[in-house]
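Order of writing sets the labels: A, B, C and D. Residues in every chain begin at 1.
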Amino acid sequence: MAINVLAVILFAIISQTIHHPTVQLILNILIMASLGLGLFFFFATSVGVLRFPDFFTRLHAAGKGDTLSTILILLACSLFSLKSAKTLDQTTILAAIKILLIINFIFIGSPTATHALIEAGYNSEIDPWENNATRN
Amino acid sequence: MLLGIETLLLILVLILAVVSLWIRDLMSSVVVFGAYSFLMCLIWTGMGAVDVAFTEAAVGAGVSTVFFVAVLFNTTRRIQFNPLDLSAKIFSAILCIGTGYLLMLGLSDLPSWGDPQALVNTNVSKYYIESAYKQTKVPNLVTAVLADYRAFDTMFETCVVFIAVLGIFMLLKKDGREPLKETSAKANDNLIIRVASRFMVPFIQLFGLYVVAHGHYSPGGGFQGGVILGASLILVAMAFNIEFVKQLLSIKRMLLLAVIGVIIFAGWGLVPVFLGQSFLDYSAWAALLPGTGEIMARSHSMLAVEIGVAITVMCGMYGIYMSLVSDGRFDKGL
Amino acid sequence: MSMINQLPFYVVGIPLFTALIIGVLAIVQPKLVRLTGLVGIISGAYASLTLFLTVQQSGTKYYTFGNWPAPYGIEYSVDTLNALMILLIYAVSLLAYVYSLRSVIIEIPSNKHGYYYTLYFLLITGLIGITITGDAFNLYVLYEICALSSYALLASGGKRATLATFYYLLIGTVGACFYLIGVAYLFIKTGTLNMGQLFEHIPSIYFTSSILVAFIFINVGLFIKMALFPLHGWLPNVYTKAPISTTCLLAPLGTKLSIYILIRFYFHVFGPEYVFQVLNIQPFMVWLATLAIIVGSVYAIFHTNYRSTIAFIIVAEIGYIIGGLWIGHPDSIAASIYHILADSLMTLSLFMIAGTVLFYLKSEKTSAFALTFRQLRITSISLVVVFASIVGIPPTSGFFSKMYLIKGAFAMGHYQFIVALLFSSLASLFIFFRLFEAYFYSKPPEPAPSIIKEDRLFTLPMIGVSTGIILLGVTFNYWFSVISRIIPVGLR
Amino acid sequence: MTNFTTILLTICIPIIGAFMIYLFGKKPNQREAASFATAFVLFGCVLKLFNPGKINGQTLQLIELFPGVSISFFYDHLSVVFAFVASSLWIVTTLYSIGYMRGTNERNQTRFYMCFALALSATMGVAFSANLLTLYIFYELLSISTYALVGHQQNADAQFGARKYLIYLFGGSIGLALPAMIIIYQITGTLDFNYSGIVPAYFNPTMLLALLLMFLYGFGKAGLMPFHAWLPGAMVAPTPVSSLLHAVAVVKVGVFSIIRVLTGIYGVDLMQSLKFNGVVCGIAAFTVITASLIALYQDNLKRLLAFSTIGQLAYIIMGVGLASSLGVTGGILHIVMHAFGKITLFFCAGAIYVTTKKKYISEMDGIGKQMPITLSAFFIGALSVTGLPPTGGFISKWMMLQGAMDANLTIIMIVYLVSSLLNACYFFPIIYKAFFKDPATESHGIKEAPLNCLIPPMITAACSILLFFNYRIFTTIIHGVTGGL
């Protein structure tokens, strides 16, 4: 919940000072950074899913990696929509805040889903990997 | 839409389609099919048909994957697939190649994409573009055409959803004559999932209602909103168990609501007939709704009609899920 | 708008709202279901009769929904052809409904009757919607309603019916999809979905390939749904296993509707010049129809199970109608349209007989018919009448349509079609006498079987259909004059 | 009461009679009385029409079935003669069948009499129909009603006989006659009979020939050679059936329809100009010769009579085929003569079967001594069929011979003579064996057939002799037809 408050304050500051060149510059850097990190984490997740030996480890990678990278990319999108909006009226801010809501939704939903998958795997007795066994 | 992405998506969709047919394990082919629907949704957005993309995402990717999984619980997971003998293979190959060739042949002299002189853009669609907003005050053209100009079609589409629900319900409902076989699914009582879903469901339903109400201004409408509402009920059914959900909305009430949804739509169109106008002519409602001109009467009735659709679709998705998952017994199941 | 020009809506609206009311009553007050159904179907039939008469006097009636002008909204145009078909649909569904009041109690578990009748009336709405609509896409939507409700109704007959209906579902969906692709191509080229406007735009693009592809797709799609010869595999399988109360409604009308759509597209969308002059596939199509008749009759002979024999007779009768249509002579086209009327009544009567024999004597083998002639009075009379009509004995309607088919075929020099017609009449004669000889030359079983008093709800529709078959025949002149007004001037 | 109401009456009376027979189903005597009464009333009506003055050409249109063709009736010379023969012999046959049925105590006799009455109503319908469609309709009804009679015994060989009957007649009529009729309707637009023929001469001759052959073999009841097998097969029926129907009503309907087609549809002059009468006479001649040859070595008496009927029918067709006025008159007269002759022979065969249960000629040595009256009636009948002086058969054959001479078709003359010789060859050995051989098993004393199996053959035998002397009653009427040539 704290992050949301922070984000809303951040958006309020940005919306006031949007036209100042330096703020434009910072926004650009921020968007590029979050996009880059997001894509990097996506890449890491897919490598993890492919490389990890068994069911649980793969899910560990998929669960965490997915959530973080989606949040980062969505953050970038909301900032970008703020930056590129021609007239900064109420609707564009509303659009950015909606993307924040989506971020919240994924923040809650994605880990729960991963937890459900792992619990189901655990209940159906998939044996975890020991260090010398072959991949399964 | 960058050309590159379009072709990339089309190729990916093709691969996914072939893979989902090729895999022998049904569960994974269902997952691949879900992915296929998501990509189709991206292609629709690329082509600018956002409403269709929304529906494809909600129905194609979301709900039908859930239905497939529910069905898999009551049928086998592995395909017992006796390979076709050679003649059947050749025959179907010829059939597919023939249809493909015919489709290609037809393409050769179609008008190019969006070219202004082609009849397809000058004939009916130009009229809609120019006069839809003037006549119905509804910025989202798709909903205007859907709910007013061709409302008769949409009414029958809602009937199709209703028939689907009723058909599945009637066919699967056990009438006590056949012996009941034990279903493999057992309700889960995982606390974390329950808490998370109990937290999320209200927001989902709120979003569903928003989509229904907001159909006039942004992509969405009765159908997509109904699916989201139905999905929320299914989420509750999955998180808790069927008994819990049945207290929320019993099967009899579900069927009743499904019919009432269609009756709202058809009834709304019938009133103008009593007032002497033609069926589904919303301007007749101007007389009944206080203080609305003919044009505003149209947009309000479109909303009413969308609500009817949403109710039927919500009960439809929920009903189908309940029938499939409990194989017609409505007592235990996922 | 006065009552008269609301008629096109009433004809569709009444069964739709009956279905919805029955849907509510099925849950709230199941006892009232049958009564509402009866009231609905009778008022609908009355509306269709007045519609037919008004169309006869004052020509085509138009009705726009949401009073948007034609190409922008959906428009109904009711001329003699669809007024006639609607009258046929109501006649058949009224009789099938009365028959189903008793047969549903026997076949369908009691807690599902309400749902069964809701789907029943939605099917009727779909059937009528298809016949009356003047909009190509609206026709597809109603086709979906028909298809879906018929899948549900057909599959409600137990395990084997469900599997057979699954195959029908697969093939039926392919057919409907082909039809939609065809309409899509037409839409892309002409920008409109209204049949009237399509008719104006199409002549300008006669020689483009997309019109040819659209024609092929629509044709093949409809051939699948009407079970024409090479694509008829699903029909016998489904109609032998499905419950009788459904087949009584679906068998007579299901396949005939697709033929009606074909006629509507040939005459009022593509135009007869395109169909008969631009594409010269007439000999091929007449040969296809001839094959359909011969294969249908041969299979009908080799099957001993009564319902599969009828199914193949239907396949042969479809060959009659398509052959008559494609011969192109005004007599044979009028005869094929007349044969749609005659054949629906015949199929309805055949399935009612199958029903009573199945319910009372519990078997469908030819030996069961030995007992039918001894015990079930009305059933044997209607069996004689219906087979007289199939064979083509004069007073019945089968004779007249066959006569005019042969007349048209001879005028256009399709002799193989005449040979096929005669072969199928003799085949059906053989089938009837196989049943009759089982009775006439068999020793009566020892305890002389008592006459079974058939239920009034079975005998009433049966007598109705048999008199219908004979009446349709005797008043052939009137129907012939009505139908010959349908044939566009180009072919007359 | 105008002539048209009498025509409609002739068709409706047998139906009412059949209904009455059904009502009295349980009480045999009333049933027989009802059957008798119907026969008499029918004969009365036909008699009313039977004077030449009244015959005129107008037609009565009942229902207009489709444009240009309706169910319509009229009566001309040919129909009156045929109706007279059929209705008069029905009275005699009813009397005979009462004796026969009681003698062999057959089962479900009510159905027998009902079908008999329906068959007669259909025959009247054919006689008085004014166009080919009405004729075809009543032709089909006749086949249906007689099917039940042929399969009356309901045992295995009755089934086989009835099935053959069905295949030949329905196969022929639906397979050949129906399309031919429709094609004629397509070419000419109407199906009404008129003497100058309605088929346009310019139509290509091969098609017309094909249509002619379709009609000849379509109307299978006439029993032309390759399509004759149903007639011997139908002998499995009880004798009254084979006597009235298979000697008089059914087979004559076939011949009647063919004459209607030849004179009404084609017209005599078209026949001559396109040389079709040569074709017709050829087929008929072939049938006459082969039928008579097969009849030579038949052992079953009824099968022998069946083959001789096939031969005699071919005579009539040959007569009409000659297209000369005397030939046609002789042909139509032969319908009458052969009817009386052949019915006597069948009555006697039935009487022999009733009394001695003998079917085969080889067993009939010396039967003349036991049943003198029956066998003498048999003798007169045989004379009439072979065409020897004291009986009417002679006159009709004589006229046909003269007709052949007028049309100077010498081959036909030879065929006539040879076949009459053959007729004699297969009839007289029976009579010789019956009277001059002593019976194999010793059975002394006269054991005649029951009375009402005896009177009908005597009546018909007497009639055939009577006809020899005053055949003019018929010829004056027939001249109406041939007058037109």
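For the reader, a short list of remarks on this structure follows.
By our rule, contacts are C-beta pairs under 8 Å (C-beta built on N, C-alpha and C of every residue); 3 or more make two chains touch, one makes a residue touch a chain.
None of the values given here were measured: they were computed from a predicted structure.
Here the chain at the heart of the shown protein, by mean C-alpha position, is C. By number of C-beta pairs in contact, B-C leads over the other of B-C and C-D.
Work out the mean CA point of chain B and of chain C, and you get 31 Å between them. One finds 46 Å separating the Cα centroids of chain C and chain D.
Annotation: 76 Å between the Cα-based centres of chain B and chain D.
Averaged C-alpha coordinates put the centre of chain A at 59 Å from the centre of chain C.
Touching chain pairs in this entry, ordered by label, are A-B, B-C, C-D.
Partner chain D is touched in their complex by these residues of chain C: 391-395, 400, 403-404, 406-407, 410-411, 418, 422, 425-426, 429, 433, 437, 440-441, 474, 476-477, 480. Those residues of chain A whose C-beta lies close enough to touch chain B in the complex are 105, 108-109, 112, 115-116, 119-120.
Every residue of chain C that touches chain B in the complex is listed here, in rising order: 1, 6, 9, 13, 16-17, 20, 23-24, 26-28, 63-68, 71-74, 109, 111-112, 115-116, 118-119, 122, 125, 129, 137-138, 141-142, 144-145, 148-149, 151-152, 155-156, 162, 181, 185, 187-193, 197, 201, 208-210, 212-214, 216-217. The residues of chain D lying in touch with chain C in their complex are 63-67, 133, 136-137, 140, 144, 151, 154-156, 158-159, 163, 166, 170-171, 174-175, 178-179, 182-183, 185-186. Here chain B touches chain C in the complex through residues 102-103, 105-111, 118-125, 127-128, 148-153, 156-157, 159-160, 162-164, 166-171, 173, 175, 177, 252, 255-256, 258-260, 262-263, 266, 270, 273, 276-282, going by the rule given at the top.
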